[in-house]
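What follows is subunit A paired twice: with subunit B in the first complex and subunit C in the second.
Up next, the complex of A and B:
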């Protein structure tokens, strides 16, 4: 007789195999494909029994009487890539609703440096407006879109700037050609960028060669590619895309001069160029090949330094961005100082006086009070220069507890001396006569509905913080008091 | 001889009052003078509130007389008043007499019908402005020669010229409409953000092209020509808001109608309330608009676009206003006036 226990176990295995653990069933029914998932995929899902809804949870509203709210399908076309930004950055220079000002006279080559313009509003001629637009001199925050066409007030500081242009042009005849450097500083909305624009206008109208870096922040903010410059000690960095774009701006703004001027040197370029090429072809080469843009820029600069070429106007806005560490990192993950970027270094060398413009010229840098980082050495140097102009006995001292950026201090050291060529232009408030002139222009354009009399001018002048021109526009035109 | 009757006048079911001529005053002394009139208690009082002498309170002329007067003004030959008035005019509004007309005339009457012309409302939606010299503010400040006060000896400064400038007070330096809209735009108590949005709205209106007015959606009577609007953005804003502002709201009184239905009672709104409603409609419509740009000025841009749409008659807010007015007219029987003593 066989043992009963063993038999019982065996029979249990065969009958309720499903009820037992999977190991047992696997043993009993060996499957062919062990890695197949089809059986589970095609297995019919056990249908939920109807009427087996769980009772409502406590505190949850089960009866929904409200109409089902469907979000309206927004099927409209989205703006294309970059369109929104383009709209935000769009520069509008005309308002068809504004009235034409009949008494408005244009600036021209003859009268742009005249001192008779002081305190008058003058229109900018169309060609110059195009050139200014090419070098991105107009800003979105400025009020150009309110008026019929661009016009500027020739304020005291603008006439001061015109005088500098005249000095440089007068020195062009003699042997000693002058390079004058100025920093424009002032309060917020006091018209520094507009004064820089006026300087560029003068440069274009007097047929100078104009190079404008529209915003220093764009160069140092690490939004464009960079690469170390070969054979530079300490390492400098070029920005090929940015430089190619700058060359394009230069070509658009100074096209006539570039077209009629032939190469006089043999530039050392990675890409061959015919010997009889014009400067325009040289610049076009740099535009087309961004990797060669920096050598092209250097070659262009060498060409401009040859005798007989026009004076140069170098301008930059937002100077404090160029006076600190940039957002770029070096190979050993150290921040790159802005002065190590080739474009900024080129500008700073001319601003500090380390290099001179051989044909004479003007170097203008404008500080900004909105969206500007702290640059203590720059601020201190400007303070000192302003104090030297006003009260030479009372020069401020450097706060010894602040860390000093030695490179910036070194580049601005001429501001601490009696150097006539390097100074600060303080852009302050308008005088009441100037305020009256610009307010009459507002009224004639139809934007200010008020008689412009002494009382009214004085009221707005005081409201605008003693004639701050941006605030003046805000209180009288933009209806934000 | 021209036809004695202008056929267009037939189309009017309700004789419209001639609108009071709105004059442009450079400076308005009062914007809104609340009337102290209590219509049933002091009807004998013939003071400033007595409007019976006003031209707009006179009953409308008889139709032929009106046509004759109009023709006289226009320098044309009107209907001959010495002859009788046509039968149509006599039987107008007289159901019994109309039944006895010949069939041809009955058919004609039926064809013309009492229907209002298509596209125009059958009821007036304009309020009469109380007080003389009211009108839209043209935004000209201090252009009128102010009254010179005589020199008074012993004063350090000159006496102020009267009337005082309306923006002379620090706390009321903005136009009242601008102030109200600013406060309605404000979110989370951030007034300066609202103010800068308001400035952007005005700037957008200033640079927008001249609007084309839709005659089916008439603006306020006496509105300036559209070419004047962009150069005066505050007027533009005021016109957009005032044109679309409803005259009344509908109050639902529960339990008054019986059967679980709320009784709808039209309630008149004051000027500030009307503007508030209009601005809230405009803000609602603007927030539903697609945001096309980026950056901080987009809300202001959408609101300004909605304002332009209102003035051009493209906005859906006009339908909303008409619906409220229609409901108000339908429910006018529900108004319970104070009992006369």
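Up next, the complex of A and C:
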């Protein structure tokens, strides 16, 4: 075989390279080193026998320990953007597979505060369910999706709450309007948020004006924009988007009242508003213009403070988030205390008693055990209040080696004194009668396939840690074997 | 060396003279000594001899008188033979000439005893009183004889048969004989103190499992449970653990009759829960001893002795070996 370099010279010498292009290129670019000058394409490649596996090469590890060699097959369509979060946050309030409970009676305006309800499971009427859904009172962790429709057990703490509603309403007729403040505390899964929801239900059914901050964490976790409030000393911060959203919730939940009530004052707003506007238009203004949402909220509050307006129910869940520094930073890169956020401050002022609800009302704060950052002052104050109820001789002392959050301690100081308006409702375990009622409801809904007798109720009651309602549901409904 | 030898001889002569008057048994004094220390006589110890009775004196006269009728002539040779025959010492036990005389004696005496009491009514082996017999090693040490295992087991067979005699008809002789073959400590010798219910109505039980230990107190109540001051659901997140902790009560349908409060420490949650099972069961047995079979069926009586196996040198874990590498 002539060396390829000679051939290359030869082709360069040829006058018409194009004429020889086919043969020359083949010769010029040999694909393999051959011994013969005949073309390689005639050489037949030995066809690989099918199914035969070559023996492993020497010195090469042949053991293949991989479980699945194939790449993961196409897992199907991926969820669209935001779909996963929507799935996670979805609130399902009915289950068509659950049985209708024939004996279930609804709560109504007349019977919601009745003490006859104690120990009974009562249904929540449809429009109240809608209102509760609007104020985000239902949580994803609660078991509403198991049942045909939402119903609540009127446990003794709920009846206690109903009594407070009655007290406030009784005082509304007289001159001295009462503002009652309560903190709900208790073990994990003991039903604090559900009790708060029951309070909201009572508020809606009794046609109070209901403002609910569904989760204090959302306000302080620095997930919404914030801006310093002008002319505030020390600086406070407004959260326009969040406030606008809150106004929307208020408008949806209390729409009827807002629609029929006209402005009675002239609010100081950055955006003009007609004199004869209804409160609904005022709130709609705040929704449409988030930068004006805080002035609108203040104006709405002023309107609600006018005489002749309904009592107000203020509620917040996850209180310990509101009792510490927020995740926001001030202009000089210092953490902003949660009490410096206008919405939290508004709530705390009413919880601590610094401001009163002029038409009377109820301020409810619920603690959480599963999502609660350390708030030593709050925990201590709750402990003191519980000790005052249980054994007044044995009040715990503040640990002097702990740093105290003075603002929180100041706002909760009424818990340390004998103040009837501010107290703690300890949400404990159910009694056996209540446990029996709720288990009968489970059984009638078709979720509990067992005869509900004394032995069974006691067994579940004990295993649920002396009637912890969340554990009771878990052991008797969710962990069914 | 020679001078020292001389001085010793002189001293010996002196002492000999001094002690001459007292009759004394001859002591072999050291004549040659490598040690350089001064010679000392061995301490005279008073050996206590076992009571020894000599064989009775042989009465040759009697023998003669007995055989005197033969006549005077041939009495010399014949009488001597008779005497010799009489003089043959016969051992007390016929097994004296076997390799294991004590064992053989034991075996034969037990066989004889069994033959004697064989007609007595018996009870099944399972119902016979539990006896811990001596092990073969203990028996070998006792007899100082190389007893074979199989032979010893044959003897044990007889002993077990003797043990199966109906207890109300058991002869005292058999009991006395069996005592020789029993261990010093018998099962059931150590009886635990019976639990008591104290003045507040509490009964206490202690249980252990893995590395956890639990103390539980049981009072009559309505099914409340506190573990280290927390409720059952606060202390145990898993339902399984909660059920294990009060399993003794649940399995006997006593969950609504008692309140439990317990202290538990050490180990993990599973160990703590199962230590509580045992503790609660023991405390329940104080209140209601008749529940023992039911609790045993529920698996609440026996302590689970399993523990983590120790790691061994050369192993990755207790048993796992390092991966094999070719080179």
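Just a few scattered comments:
In this text, the second predicted complex is superposed on the first by the 401 of 481 C-alpha atoms of A that agree within 3 Å, B and C clash if a C-alpha of one lies under 4 Å from a C-alpha of the other, contacts with A are read in each partner's own complex, and residues count from 1 in each chain.
Here is the rule we go by: a contact is a pair of C-beta atoms (placed from the backbone, for glycine too) under 8 Å apart; a residue touches a chain by one contact, two chains touch by 3 or more.
Please read all numbers here as calculations on a predicted model, not as lab measurements.
Within the superposed three-chain model, A:236 lies out of touch with both subunit B and subunit C [touch as defined at top].
By the touch criterion stated above, A:479 is placed in contact with subunit B and with subunit C alike. In the superposed model, A:188 lies in contact with subunit C only, and not with subunit B. By the touch criterion defined above, A:451 lies against subunit B but remains apart from subunit C after alignment on the C-alpha atoms of chain A. Looking at the shared chain after the overlay, A:88 reaches subunit B, while subunit C stays out of its contact range. By the touch criterion defined above, A:261 reaches neither subunit B nor subunit C.
Applying the stated contact rule after C-alpha superposition, one finds that A:212 touches neither subunit B nor subunit C. When the two complexes are superposed, the chain touching more residues of subunit A, out of subunit B and subunit C, is B. Looking at the shared chain after the overlay, A:465 reaches subunit C, while subunit B stays out of its contact range. Residues 479 of subunit A touch subunit B in one complex and subunit C in the other.
For subunit C in complex with subunit A, the residues that touch the partner chain are 222-225, 231-234, 239, 242-243, 246, 250, 253, 255-256. The residues of subunit A lying in touch with subunit B in their complex are 74, 76, 79, 84-85, 87-88, 92, 95-99, 145-146, 446-447, 449-451, 456, 478-481. Looking at the complex, you find that subunit A touches subunit C at residues 187-189, 429, 432, 454-455, 458-459, 461-466, 468, 471, 474-475, 479. By the touch criterion given at the top, residues 138-143, 167, 173-174, 178, 195-196, 198-199, 202-203, 206-210, 230-234, 290, 292-295 of subunit B touch subunit A in their complex.
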